[in-house]
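Alright, structures below, take your time with them.
Each of the next two complexes has chain A plus one more chain, namely chain B in the first and chain C in the second.
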Partner chain A sequence: MLKYILKRLGVAFMVALTVSVITFSLIYVSGDPAVALAGEAASNDEIEHIRKSYGYDRPIPVQYMDWLGRALQGDLGRSHYLKEDISDVILTRLPNTLILAGCAIAFALILSIPLGVAAAIRPNSLIDRFALTLAVVGQALPSFWFALIMMFFLGIQLRWLPISRVETWQGFIMPSIALGYYVTPGVMRLTRAGMLEVLQSDYIRTAKAKGLRPMVVLFKHALRNAIIPVVSLAAVQFGFMLGGSIVIESIFAINGLGFLAWETIQRGDLPMMQAIVLVLSLFYIVITFLADMLNAFLDPRIRVT
Partner chain B sequence: MARPETQSITPSGAAPSAADKILEPSPGSQMRRRIFGHYGIMIGGTVLAAIFLIAIFAPLLTPFDPILDQDLAQKLKPPFWHDSPKYDPAHPLGTDLQGRDYLTRLVHGARISLLIGFSAMLISGVIGTALGVAAGYFGGRVDMVVNFIITTRLSMPVVLVALAVVSLIGSSLWIVIWVLGLLIWDRFAVVMRSTTMQVRNLDYVAAAQACGCSTLRIIMTEIMPNVVNHLIVVATLEMAHAILLEAALSFLGLGVQPPAPSWGLMISEAKGMMFFDPWLIGVPGAALFALILAINLLGDGVRDVTAPENRN
Partner chain C sequence: MSDLILEVRDLVVDIPVATGMLHPVQSISFDVTRGETLCIVGESGCGKSLTSLAVMDLLPGTASRTASVLKLDDEDLQSAGERRMTDIRGNKMAMIFQEPMTSLNPAYTIGNQLEEALLRHKQVSGAEARERAIYLLEKVGITAAASRLTQYPHQLSGGLRQRVMIAMALMCGPDLIIADEPTTALDVTIQAQILHLLADLQKEFNMGMILITHDLGVVARVADRVAVMYAGQIVETGTAKQVFENPTHPYTQGLLECIPIPGKTERGAPLGSIPGIVPSLVGDLPGCHFADRCPHVMDACRSGQVDLRPSFEDGHVFRCLLTPDQSAANLKKGAA
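So, the complex of A and B:
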């Protein structure tokens, strides 16, 4: 187990390092970051001033090492636009995004796992067909359109839910559904396929033959094994949601990291943009690492090979 | 699979004869029957073909130009189902805030979505297939490196990176296509890697190696034909993915730029009028939904029809 953990940790570390290099070079995509930061109307003196004050005049590897060294100490630099410490801004915005993504993944799992199980118990039944239809339709709905439609019907027509900039729990309902429904088809299909396979296995027949109650067989024996791949998928999707919340957060004007990213990109605030991409990527790496550990804990076969 | 079909034709118990051989449906006709009997393929294929034809013949379908024919006096005409005295039969789907015919913009928008979806899918398909097949075929260190590249790519948030890059280098149709194509190859690589691994250890690959075939030849003539059905399924998924991403980018204002009639952009422009004129959002969104649904149905259908284990 220790060997497996160390190996995974090494890979995660290498990925994080590579991501940091890519993220750092992102600001050089446009050519000269000082020109991009200064804006179109800037004079040569202003550009030179920005180049000096942000250290863009130093050799690129030196800049990278300096940036990485500071980032490791929690200092992500100062925002060009907000004139504040980037770490502080990100920390104040992060909770909203975490709450949103957490609610979204919870909504997705609560909806999709029972449906997947029900569909697997009776394949080709009415409920199986309903679940399949839901999956096919769900995969084709553009999330931003779905969000607007929900906003129109539930927010404007029926006035059930607040439509934007609300930090109460009601304000999170529509965004969570809009962000979470996209994950349900994948999780449901995986649960269904896993359950179908497990239900045919010998130990389920044994458990049934022992005379265990069907519910115990279903949940304690079957679901526990079928759920293992779902853990990985849910973790990956949770990581994607943190990055994908940019669309939903900007529609509902939720003051989170995604909305911040959108504002930042529109302002051309390069240091902040770098920092957000780095933070979201690191989140993803940590989450998938934890999911791997959880999987290894649930399924001994993984950690042996 | 062929056996039970033959038996249904032959009278049971009769010795097989030359006549039975002729009666046995060829693999091609069996495949055709499976394709034409599949609801998903038929519905998805028909809708997709219709949208494709609409996109090709877009300029012939309506008398207006999607961008140039602006008339502010004609702005925000309601669509035909609104039953309003303001309705103008010349604009069956009404007009937008600039007085442009909405039907014209909708059919021209199909061109943008299909072009972006198809081109981005091709680019990502080439990258992902090359990486995936190489990893699956060579294994070992190559596999380790490719796996590492895939993991790294997956840990970068697609929408955010695409938005950042587009905002830095400026936006145009082809920039959006290339940025998306270079970002969404991961599923191609993952699927091609695992399917190539399965095919790689089969006897006919070993036979080809024993014959002294070159690696390139083995990959092109032994591996590729046997993984191509998985490739088609992923290609449809990724085409849908690219179209959705383009719509999202355009919706956020950093994809295809106005005045182009991209569906995502149309929804974005109509957002401010959601309160009084919700149909402006409904129409392009429904078109997007129909297109993605059709592509996904087709993809799911291809998987059902080609994967032997899924045949009932």
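So, the complex of A and C:
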């Protein structure tokens, strides 16, 4: 087990390092950063001055090490546009996105796993058809449209939930559903397919031959094996939600990281963009690592050799 | 308690398929008494595995079973509900499957999977269940039994896993044990060990055993009684001695001729085989099922239903229009 953890940690570290290099080079992908900063009307002297004062004249590896060193200490630089410390800005925006993505994935899993299991127990039954319909609708509906429909009915017509902002916890309900629903079809269908396969397996027949209660057969023996690929999928989807909640955050006017990313792209604020990409990537790496650990716990073939 | 453990009369299994109704098991009757091993022999697809699954009430989804009598320890299994069946399965009758590599759950330890059977059916503590698991693992010839309990199936070889499966079946001390081709997936060297193990345990715990196999060598070594199945029917049944010494059904005779005998079968001589293929069991099949492959087929074989008839000795019956004497004469002719 220890060997496996160390191996996964090593992989996570290498990915993080690669991500940091790519993120750092973002500064240079749109041309000379000093020219970009100085603006169109700047003279050569001004550009040179900016290049010196921002340290862009040093060799690139030195700049990278310097940037990485400060990033490791939590200093992600200053935003050219907002004139604020980037770390502060990200820290104020991050909680909203984390709560949103967390609620969304929780909603998606709570809806899709039981539905997937129920559909697998009785293929082609009413509940299976219902689940399938829900999945098709979920895959076909654009999340922004679904969000608008919810806003119209739950927010404007019935006045049950706030249609924007997240000052109260109620504000998170609609955005979480809108974001989570999008993930439901994939998770549900994977759960259903996994359960269908596992329920046909020899060890389920053994469990039944032992006279175990149907619930024990289903949850102890079948679900644990069927859920393993679902964990990996859910982790990937959770990562996407963190970075990909731009649309939902915009619609519901949530001051989150996704919304910040969108604003930042509009402004061409490269250091801020760099920092957002880095933070999101690190979250992604952590989530993937945790998913690997969870899978190792569920499947002894991974952890015991 | 009566010596009769399992009583099966007119067991039928039907499976609806696209082209009609499949009849893989057609009116099978047999008994198993305490301390006795019944071998059900036949080639692939003859219905022998479905017969055992029907007794366990573990038939796959669409298959249905009926019988005029289906009793275990005098209890009617047909009127027992699913809930009662879960109390019986693993407790009074247990099953060992053909595929030891996939029959254990990869996610749980050997100990967990052994103990849960006992904890489910008997009022015992965790420690007692553990003790029983160690005792039985030692019984089935696994060394360092206590340390095996914490191991996972993927850490064990196929032979060991089948031993674990046997121990698991014995956890609750069942009256009847059904072994469905328990040695087919194992190395030849391991096959003999597992078979002897099963035979020894069956005598030691005085259980009834149904051993399902297509291997006549296996049958000869462990069977008390033999039921030869062909295309969903029992075509010949009797004690092992009766069936092996005086096979009266042409199919049984053909099967036995297929076995090469050291010293008797000439080197380089072609191995025996029965020409033709098994008939489709979809829809009704009039007459003798073996007619198309039988060397002694007559017109009458294809018209009416062929019933079991007594052979030379008591308890030995076969499904053929020939008299025992004619049949025995055919066997002699073939040998000459």
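By our rule, the second predicted complex is superposed on the first by the 284 of 305 C-alpha atoms of A that agree within 3 Å, B and C clash if a C-alpha of one lies under 4 Å from a C-alpha of the other, contacts with A are read in each partner's own complex, and residues count from 1 in each chain.
Here is the rule we go by: contacts are C-beta pairs under 8 Å (C-beta built on N, C-alpha and C of every residue); 3 or more make two chains touch, one makes a residue touch a chain.
All of these numbers come straight from a predicted model, not from anything done at the bench.
Contacts of A:Ile177 after superposition: neither chain B nor chain C is touched.
Shared-chain residue A:Met272: touches no atom of chain B or chain C. By the touch criterion defined above, A:Thr206 lies against chain C but remains apart from chain B after alignment on the C-alpha atoms of chain A.
Of the two partners chain B and chain C, it is B that touches the larger number of chain A residues.
By the touch criterion defined above, A:His221 reaches chain C but does not reach chain B.
With both structures placed on the common chain, the touch criterion links A:Thr18 to chain B but leaves chain C unconnected. When the shared chain is aligned, no partner comes close enough to touch A:Ile113: not chain B, not chain C.
The residues of chain A lying in touch with chain C in their complex are 201-203, 205-214, 216, 220-221, 224-225, 298-301, 304. Across the interface of their complex, chain A is touched by residues 56, 58, 85-91, 94-95, 97, 99, 102-109, 116-117, 120-121, 152, 154-155, 165, 168 of chain C. Within the complex formed with chain B, the residues of chain A that make contact are 11, 14-16, 18-19, 22-23, 26-27, 29-30, 36, 136-137, 139-145, 148-149, 151-152, 156, 236, 239-240, 242-244, 246-247, 250, 261-262, 265-266, 268, 273, 276-277, 280-281, 284-285, 288. Those residues of chain B lying in contact with chain A across their complex are 148, 151-152, 154-161, 163-165, 167-169, 240, 244, 247-248, 251-254, 264, 267, 271, 274-275, 278, 281-282, 285, 288-289, 292-293, 296-297, 300.
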